[in-house]
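Notes to accompany the following structure.
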Amino acid sequence: MTLPDCLRAAVDEAKTRVAALHAELPRWDLVVWTAGNVSERVRGTGGHDDLFVIKPSGVSYDELDADAMVVCDLDGKLVEGSRNPSSDTAAHGYVYRHMAEVGGVVHTHSTYAAAWSARGEEIPCVLTMMADEFGGPVPVGPFAIIGDDSIGRGIVETLSGHRSPAVLMQNHGPFTIGKTAKAAVKAAVLLEEVARAVHISRQLGEPVAIEQDAIDALYDRYQNVYGQR
Amino acid sequence: MTLPDCLRAAVDEAKTRVAALHAELPRWDLVVWTAGNVSERVRGTGGHDDLFVIKPSGVSYDELDADAMVVCDLDGKLVEGSRNPSSDTAAHGYVYRHMAEVGGVVHTHSTYAAAWSARGEEIPCVLTMMADEFGGPVPVGPFAIIGDDSIGRGIVETLSGHRSPAVLMQNHGPFTIGKTAKAAVKAAVLLEEVARAVHISRQLGEPVAIEQDAIDALYDRYQNVYGQR
Amino acid sequence: MTLPDCLRAAVDEAKTRVAALHAELPRWDLVVWTAGNVSERVRGTGGHDDLFVIKPSGVSYDELDADAMVVCDLDGKLVEGSRNPSSDTAAHGYVYRHMAEVGGVVHTHSTYAAAWSARGEEIPCVLTMMADEFGGPVPVGPFAIIGDDSIGRGIVETLSGHRSPAVLMQNHGPFTIGKTAKAAVKAAVLLEEVARAVHISRQLGEPVAIEQDAIDALYDRYQNVYGQR
Amino acid sequence: MTLPDCLRAAVDEAKTRVAALHAELPRWDLVVWTAGNVSERVRGTGGHDDLFVIKPSGVSYDELDADAMVVCDLDGKLVEGSRNPSSDTAAHGYVYRHMAEVGGVVHTHSTYAAAWSARGEEIPCVLTMMADEFGGPVPVGPFAIIGDDSIGRGIVETLSGHRSPAVLMQNHGPFTIGKTAKAAVKAAVLLEEVARAVHISRQLGEPVAIEQDAIDALYDRYQNVYGQR
């Protein structure tokens, strides 16, 4: 399979965006060494199926420019690129196949999120920043290992119909989704921050719960009013 | 409403200062992504009311130069600027309307301060650095959400007549005030440091209290002798 | 003893690699001041014995270019270089003499690994990242002090036949090994990350154990499939 | 009082060194905002008394070049410089007057050291790095506030005849001493590291003690063999 001409420009723009977004992962201390990955869906046109751009496997963050990115179809098969795609490619592809509204996926092993994941414990919603972005607690997904669809299925089953754009895969770490890759990166950054702040808060006692109607009001405002229109 | 000519120079200088001070927030690890904001009052002259300069909403710290700043009146209405003001603008304006001596306001979700906020617990004064800057414990303000005056009112009611330039708004995070925006930024930086050091100290036992007269002596000296005159 | 001509090129290349790898230690916050060291074996040819390249003792990370590196034989005797070799040279040499497959050794006092070392407690395998790289728990080696072979012997006895490329020397800190110096540096970076994440996870409860067959499957895949071939 | 000509060169060299050493404090995360200070003694010649070079009070780390440094006599009186000396100048001077072998003094509020200070608890010697540099536990000094000799006296009484170059002043933070300012900065950097590692170790149980004769052997070797001669 080769890349259809009509998707050339869209794929190149996605490569540039995804490469730049990878730089956000070390910037916000979400990854060590070559761990972590960002992908973005390129919607098909002219009868062609969707594709996605993703990081190659085991490559240093210093080398991740747009040309280093690889392109896969939604089954995770390599369409363009000289290196193996990320070993998490199957999970990204599964999410794109089953969640039509998702345009970007991020996976990290960010430390505090991983710590909650290792206990298999959801993060309670005790900060307004968390109500804003996650609309409630951050849920836990099942234990699943690489090799079949089980990681992708765990992500989709946990996040479908859920406000949270983040799931803590048990003993593994977080996956986040968004309408764009940038939104998924933002969710990954805010997830680690709330995972850290709530952890620290609970070390010395029990945080105060936020009432559900306040959570609802905060979530609604943040999704619909915050930022520039 | 447009900006009166007689305030042009003062507003431009404030924009430059406020833009530079925003760079201190990521420098001292007080913010992630686009969270956090600094404002500075521009005192009215020639019959004009006071204004304040503040950060636009949801804009990356990489883009925050002087031209990006927006200007509001004390009711939070946009006076100059092409973007929406910070979603915390109403709270800043409320503080300026009700605390005449305040020339700068800072809001962050800095991690350790947020952790104390989530428990609704004041930070006890067990470090001389804390006595110097805060003159005692850092108090907690009420739970309040965006949408009316309740955040601004909570800040003003907590800090009026209090030595501390910082309040921990419950489940939310800190607001700091100062005679200038720089002083409010300094308070935000020192707040996170003492929130962190006192948290760590309490993890392994109970810190030793500082006697009230020693707190008073430290606070008095630091406010009146420290630094360059 | 002087350096045989036939090893000149191999030694120079190793110096360049080892100098560059030293920069990874402060980059990933594994060392303070002049602590920590990386070495790489240069395999002998033409009847000459193996040598290794290592950091000089007590030199700032700012000064560690290829020319600053020193060369030792496997007994730790200086072969080339104007400065004293690292005070951990004897331990590196012992490992090279007794573990033929080892091509690189790293020693740090990275904080969280040192904290587990001070308790003499192995790190349990509760994260998939840990199963990938370490294949199970990270073991503890004996208390041993500089002056004889006891540190080197403790490393070799603990790691021989063990999946883990890392050992926590009691009250001291970690040593890691690899087929190359780069692989040993990677193990040192990932060790500190899992030491930190598992520590944080255990602060608020007991992490969920990963079943042995899942650990085996993860380890096998990561060692044989991950990355670029 | 003016600077004697015969001390001109020595003072200028000390200013350059002290300015450069101030940059190490933020580099190793030992200070926030304008907190912390380094001084170095300039030994008198030709019948002149000793002087010391120190940081001015309340000045940003970005502005601390050699010209910004100020010079004081051992009573803390300003001898050269256009700004007020550090508010900790009296404590530095007291140390130089009473400990003839001390050539450099450093004060910080580094977070983990401050946390132990707030509990008034010495740091137990459970890491070989700590035995190397501190030769045993790091002791606590008395509670004392600025305004008379009590801080300086507390430092001198605690450290005289003690192996440790660091003291944790209760509710305040650490002071470190050394034969040179660089040695005192090194002690401040290593102190924060061991304060952090031992804190973290104790969060999940009791660290293993190191036998006294092993501590003695490590301390002796590090003071006499480590580094370049």
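Order of writing sets the labels: A, B, C and D. Residues in every chain begin at 1.
In this section, contacts are C-beta pairs under 8 Å (C-beta built on N, C-alpha and C of every residue); 3 or more make two chains touch, one makes a residue touch a chain.
Quick caveat: nothing in here was measured; it's all calculated off a predicted structure.
> More than half overlap in residue numbers between the two sides of the subunit B-subunit D interface, or less? Answer same or different.
Different: when the shared numbers are divided by all numbers used, the fraction is under half.
> Could you report, rounded to a multiple of 5°, the rotation needed to superpose subunit A's C-alpha atoms on subunit C?
90
> In terms of CA centroid distance, which chain is the most far removed from subunit A?
Comparing chain centres, D lies farthest from subunit A.
> How many angstrom lie between the centres of subunit B and subunit D, each centre taken as the mean Cα position?
Here the centre of subunit D sits 32 Å away from the centre of subunit B.
> Quick one: report the Å distance separating subunit B from subunit C, using the average Cα coordinate of each chain.
Subunit B and subunit C have C-alpha centres separated by 46 Å.
> Could you list the positions in subunit C whose residues touch two or more of the other chains?
Only 203 qualify.
> Write out all the pairs of touching chains, ordered by chain label.
Every pair of chains meeting the touch criterion: A-B, A-C, B-D, C-D.
> Within their complex, state which residues of subunit C touch subunit D.
Residues 32-35, 56-59, 83-84, 87, 109, 111-112, 114-121, 143, 145-147, 170-173, 199, 202-203 of subunit C touch subunit D in their complex.
> In the complex, go through subunit A and note every residue touching subunit B.
Going by the criterion above, the answer is residues 28, 126-129, 186, 189-190, 193, 196-198, 200-201, 203-208, 210, 214, 217-218, 221, 225-229.
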